[in-house]
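All chains are identified by letter, namely A, B, C and D, in their written order; residue positions are counted from 1 within each chain.
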Amino acid sequence: MIIVLKREATKADADDIQAKIKALGLKPLYMPGTERTVLGAIGDERILGTLHLEGHPMIERITPILTSYKLVNREVHQADSIVHIDSIPVGGKRLAVIAGPCAVENREQMEKTARAVKNAGAHCLRGGAFKPRTSPYSFQGLGNKGLEILGKVATQFGLPAVTEVVEVADIDHVEKHAAAFQVGARNMQNFRLLTELGHRTKPVILKRGMAATVDDLLMAAEYIVSEGNPNVILCERGIRTFETATRNTLDLNAVPYLKQHTHLPVIVDPSHGTGIREYVLPMAKAAIACGADGLLVEVHHDPVSALSDGQQSLTPDDFVVFMKETARIAEAVGRKL
Amino acid sequence: MIIVLKREATKADADDIQAKIKALGLKPLYMPGTERTVLGAIGDERILGTLHLEGHPMIERITPILTSYKLVNREVHQADSIVHIDSIPVGGKRLAVIAGPCAVENREQMEKTARAVKNAGAHCLRGGAFKPRTSPYSFQGLGNKGLEILGKVATQFGLPAVTEVVEVADIDHVEKHAAAFQVGARNMQNFRLLTELGHRTKPVILKRGMAATVDDLLMAAEYIVSEGNPNVILCERGIRTFETATRNTLDLNAVPYLKQHTHLPVIVDPSHGTGIREYVLPMAKAAIACGADGLLVEVHHDPVSALSDGQQSLTPDDFVVFMKETARIAEAVGRKL
Amino acid sequence: MIIVLKREATKADADDIQAKIKALGLKPLYMPGTERTVLGAIGDERILGTLHLEGHPMIERITPILTSYKLVNREVHQADSIVHIDSIPVGGKRLAVIAGPCAVENREQMEKTARAVKNAGAHCLRGGAFKPRTSPYSFQGLGNKGLEILGKVATQFGLPAVTEVVEVADIDHVEKHAAAFQVGARNMQNFRLLTELGHRTKPVILKRGMAATVDDLLMAAEYIVSEGNPNVILCERGIRTFETATRNTLDLNAVPYLKQHTHLPVIVDPSHGTGIREYVLPMAKAAIACGADGLLVEVHHDPVSALSDGQQSLTPDDFVVFMKETARIAEAVGRKL
Amino acid sequence: MIIVLKREATKADADDIQAKIKALGLKPLYMPGTERTVLGAIGDERILGTLHLEGHPMIERITPILTSYKLVNREVHQADSIVHIDSIPVGGKRLAVIAGPCAVENREQMEKTARAVKNAGAHCLRGGAFKPRTSPYSFQGLGNKGLEILGKVATQFGLPAVTEVVEVADIDHVEKHAAAFQVGARNMQNFRLLTELGHRTKPVILKRGMAATVDDLLMAAEYIVSEGNPNVILCERGIRTFETATRNTLDLNAVPYLKQHTHLPVIVDPSHGTGIREYVLPMAKAAIACGADGLLVEVHHDPVSALSDGQQSLTPDDFVVFMKETARIAEAVGRKL
């Protein structure tokens, strides 16, 4: 931790802060400069955090040296973690494709879509039962009934199910019907939800929040892992910027950044990342090219009739092309779909 | 609703979409142009939403004419709503100041701070018991014990208590100890929480999310009001932008925008909006100058020892000046503190 | 300058970098930690910049201790600078209001508008002759003819003229007709233009770029001042964010930040900062409340006929109210309009 | 153009606006609704722009139906444009790689780097002589002397030279030494520069501004093309967002968007797009995977000694790997490097 003192800070101020650092069993450093004095504190930065120096009137700025995420950090765990959704490995040489509709609408829709994605080669089936929607007047999902349909259709087609959980009270029910929990962008910092998912064993697909930095995402993952569940899959799905030509700005820079800083697998959702059907395939290819471990993609047997996200859902025919073309990129980077 | 068709759309496509609009009992409009055909649909846009035209392959763009928030819209309710936190009115000529520490730390801290803010003229006491923190290694709040301390100290000093609620399961407990619920920025789109608060009667201070537009904020308020609780107070607290000199970018444009578009009261939190003690007062004055109905401000009897947000907390002495100077601005805009 | 080495850096790497620091006549510091070694370099950071350590393979991160702007920094020049536009002081107790149309359209428009703003109490007259427009098919300004009209009308009404300069080649001509140069948001980092304006003596109103941090703005001002022209007035006019309800997001946090970090005067443009006529007055009041030294505001004798920015221009009647109400806020903060 | 009237607008207001539309020879449309009246105007939207309806007090919102860029629009020119930098085609099946240092430093540096990129298979040589730098105390480039070095070295190695032009007065000189003009992000809306480049014939690589939407970029290109120079190459190089882990946020969504909306070639600059050497290759691969027509990449024979951008420059060895790995992706999308 680097502590820059204010210009007006005296030697006595510096001594006082150094004494506090020492009192915690850490090593203080003193660097008087011509215009500012800089202090250092060496040791576990989590202990340093308990000093709460931010409020000190003589401190101008505090810069941590180390990241605050310890368990998800690649430094302490150099090898790639492979997280299994049921029998499907995510994070190794083989890429995982999780496909399905935005929302579970009815049994027939799920069966038709599941058949299509299964035949084209998808590894898992997605479908939302609880839909967080900006407007209270939009379709909110079928709730528990939707979960049951998803669970049954997933079993029927031999595809592990992935679905969003939005509330601690629903976790048990979701766990019963799905092979993996999905935490949506709006809940990335719902820390109570993260903490409770940390007590489970099924994997968690953690989507990046619209205003979350990649480090915020890693800290959110740290909540789950530090509670005991190491099975976290990170998902880049676009951030909110001034650009409105696409629904979100898919930040693919995040992929090499995350792969460098964490051992957790990283997947990409080009459907929400673009919001426009025609751009889903090119951005899926880009995601694989820069190192993503898998894709989360919306497919609907009939997008025109979809109750949500129709404009970004692939048709079954689109999805056949999608699997073929992304496979070629996978091969070009030495991986397999 | 304005529907711009793709260049390649035929007359038959237009007819087909017009038929769908008619089938819902709405009035379709047809505007053939030289390069594009534009369709209109007149009627309740909530019904129009059930058409799910977004996924239609021949539609280029859909623009709503009306806003999706109906109940919080000033058009249907022209007079300012006044929401009471206990006996304190928010939204009228008199401005409300809600002050106190970021987090409840212990009984002594709360008493000292409550005494200071009460003496300086604050109207309500704030203090967090459940603290959403980016890192799992930061202080997470005292939980229910914190709620009890807050409730007791608030009663002792005759100040209605305001505190954050982060989870449906906590609502009953918070309701018992506080006069108003606060929904934090990270939970602005926790729709389950909003829905459940819509079933209560105590007021809800709804803080704008870091990536939320002002219309998103109004839609979130609509969730609460449409479930039956009209007592919503909106709070601007800064958004996330590329600017890092301050903790957030306080978007005061939101104040006149919200006052024009909704009848709900609007308050401002200059503490989170800036993150820096020295800027809290100037931005509080700016907030009142542009029409805010109140202020939410962090005060700590000893910021250097604060367990969170020390760098943005006012001291008791600062707060005396704060009340005096903001009162002068209030007077200059024809209001009272 | 704080230099954090990579985890894999050796003692030899640290020695090598320290030797480079010493070779420049600066003082190196060595702080070995448990997980990272941190180096310090004490002395003039402009000299340190010539080391170009950013590309070093063993360096993880470099954090400057001091700001890069030296001349505009309040540390070296504690008193407020007062910059005169002709006889109008900007930066002292008295606030300056610069008003007029977005673009000079013709003599009659300028005379009508100048009379209106003069009568209401404005101090300077604005009007653009060279209009940077997003589309090549929009009105681009009258050019030199516009400058002449502006100059004549300004003289006629005894109001110093302020106008935008977009190109080095135009500087002489602008200088002839105007009392102050305005550098628009799109040219804030047109360093050739800044450098050349640094060789003149008339004041420069430097508007913040849409993607510029406040520190970027200060660095741009440093270009002008370091070339010899100390007469720079900074102008906050809104930044680009995800919020689209207003034309820009007026970042009033910038006002107290800039007043703290620089001695230069700071004015605010609530017209571009909001883009909507109804919000111009509330945001002007907010700007003064948080410490702005003046206002730049668009007024048109007939906004409905304006060739640009009609939607954000005040009418003469609006402007009378504007001057009256902002004066009341000025008084409440101990200043005068 | 769709014109939404304010709630309080009367039939007379609507008639008045329709009469104005008719007077321009365009076709007005009238759509009375239950809560708002909507008007349409059909015809050339550039003519519609001369109406300046934005300032009308009874108009709530105006939405264009068509884009404002006409010449660069793919609708009027369906086939891909191929722009030649000397003999190198950009925009066809073959991808173009433009490589070289950020800044021209001296003859030896340019020769060493040129030899390295030539041997690895680059098609053009880049190198900046005029460097726009945030700080006046940073290295500003060698100016005309740099241009001469670049020109000579480019000829020596048979690589067409690409270099930035920052000012109208420099165009002739740059034209003499380089095969293509580069317009940097900070000058994307320097309309005087764009207009003058429109009078030349050599190609212009137009980089997206840090706060520019993709439509702003297309409008900037329209400036050049509408003045007579059709040889424009668009370049995505990252935008400014709240994310600070990388220098910019590379918006690869822009690639499929631009390829769909314009016939101009689109290249990507992964060096500025990430700012970190290790991410340059993965993002270059992503760029090609989603459809980019070429790459602009910084290579330095010795990045540790680079006078600017050392941290994002590839070494000659890195660049050999870069060419090999990007070629594999090119092949996977049916193209060639």
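By definition in this document, a residue touches a chain if its C-beta (ideal position, glycine included) is under 8 Å from a C-beta of that chain, and two chains touch if they have at least 3 such contacts.
Keep in mind it's a predicted model, so treat the numbers as computed, not measured.
Peer 1: Taking a step as a move to a touching chain, how many steps at least join chain B to chain D?
Peer 2: 1
Peer 1: Which chains sit in contact with both members of the pair chain C and chain D?
Peer 2: A chain counts here if it touches both chain C and chain D, which gives A, B.
Peer 1: Considering only mean CA positions as chain centres, point out the chain farthest from chain B.
Peer 2: Ranked by distance of C-alpha centres from chain B, the top chain is D.
Peer 1: Rounded to the nearest whole Å, what is the centre-to-centre distance of chain A and chain D, using the mean of the C-alpha atoms as each centre?
Peer 2: 31
Peer 1: Once you find the CA centre of chain A and the CA centre of chain C, what distance in Å lies between them?
Peer 2: Once rounded, the distance between the two centres reads 39 Å.
Peer 1: Taking each chain's centre as the mean of its CA atoms, how far is chain A from chain B in angstrom?
Peer 2: 26
Peer 1: What positions in chain A touch 2 or more of the other chains?
Peer 2: Those would be 211, 239-242, 244.
Peer 1: Classify the inter-chain contact topology: is it line, ring, star, complete, or other?
Peer 2: Shape = complete; every chain linked to every other.
Peer 1: Across the complex, what residues on chain B touch chain A?
Peer 2: Against chain A, chain B makes touches at 46, 49, 52, 54-57, 68-69, 132-138, 140, 166-169, 186-187, 189-192, 195, 209-211, 216, 219, 222-223, 226-227, 239-240, 300, 303-311, 313.
Peer 1: Okay, in this complex, where on chain D does chain A touch?
Peer 2: Listed in rising order, the residues of chain D that touch chain A are 211, 213-215, 239, 241-246, 249-257, 260, 273-274, 278-279, 282-283, 285-291, 328-329, 331-333.
Peer 1: Okay, in this complex, where on chain A does chain C touch?
Peer 2: 2, 4, 7, 29, 31, 33-36, 38, 40, 42-43, 63, 65-66, 75, 240-242, 244
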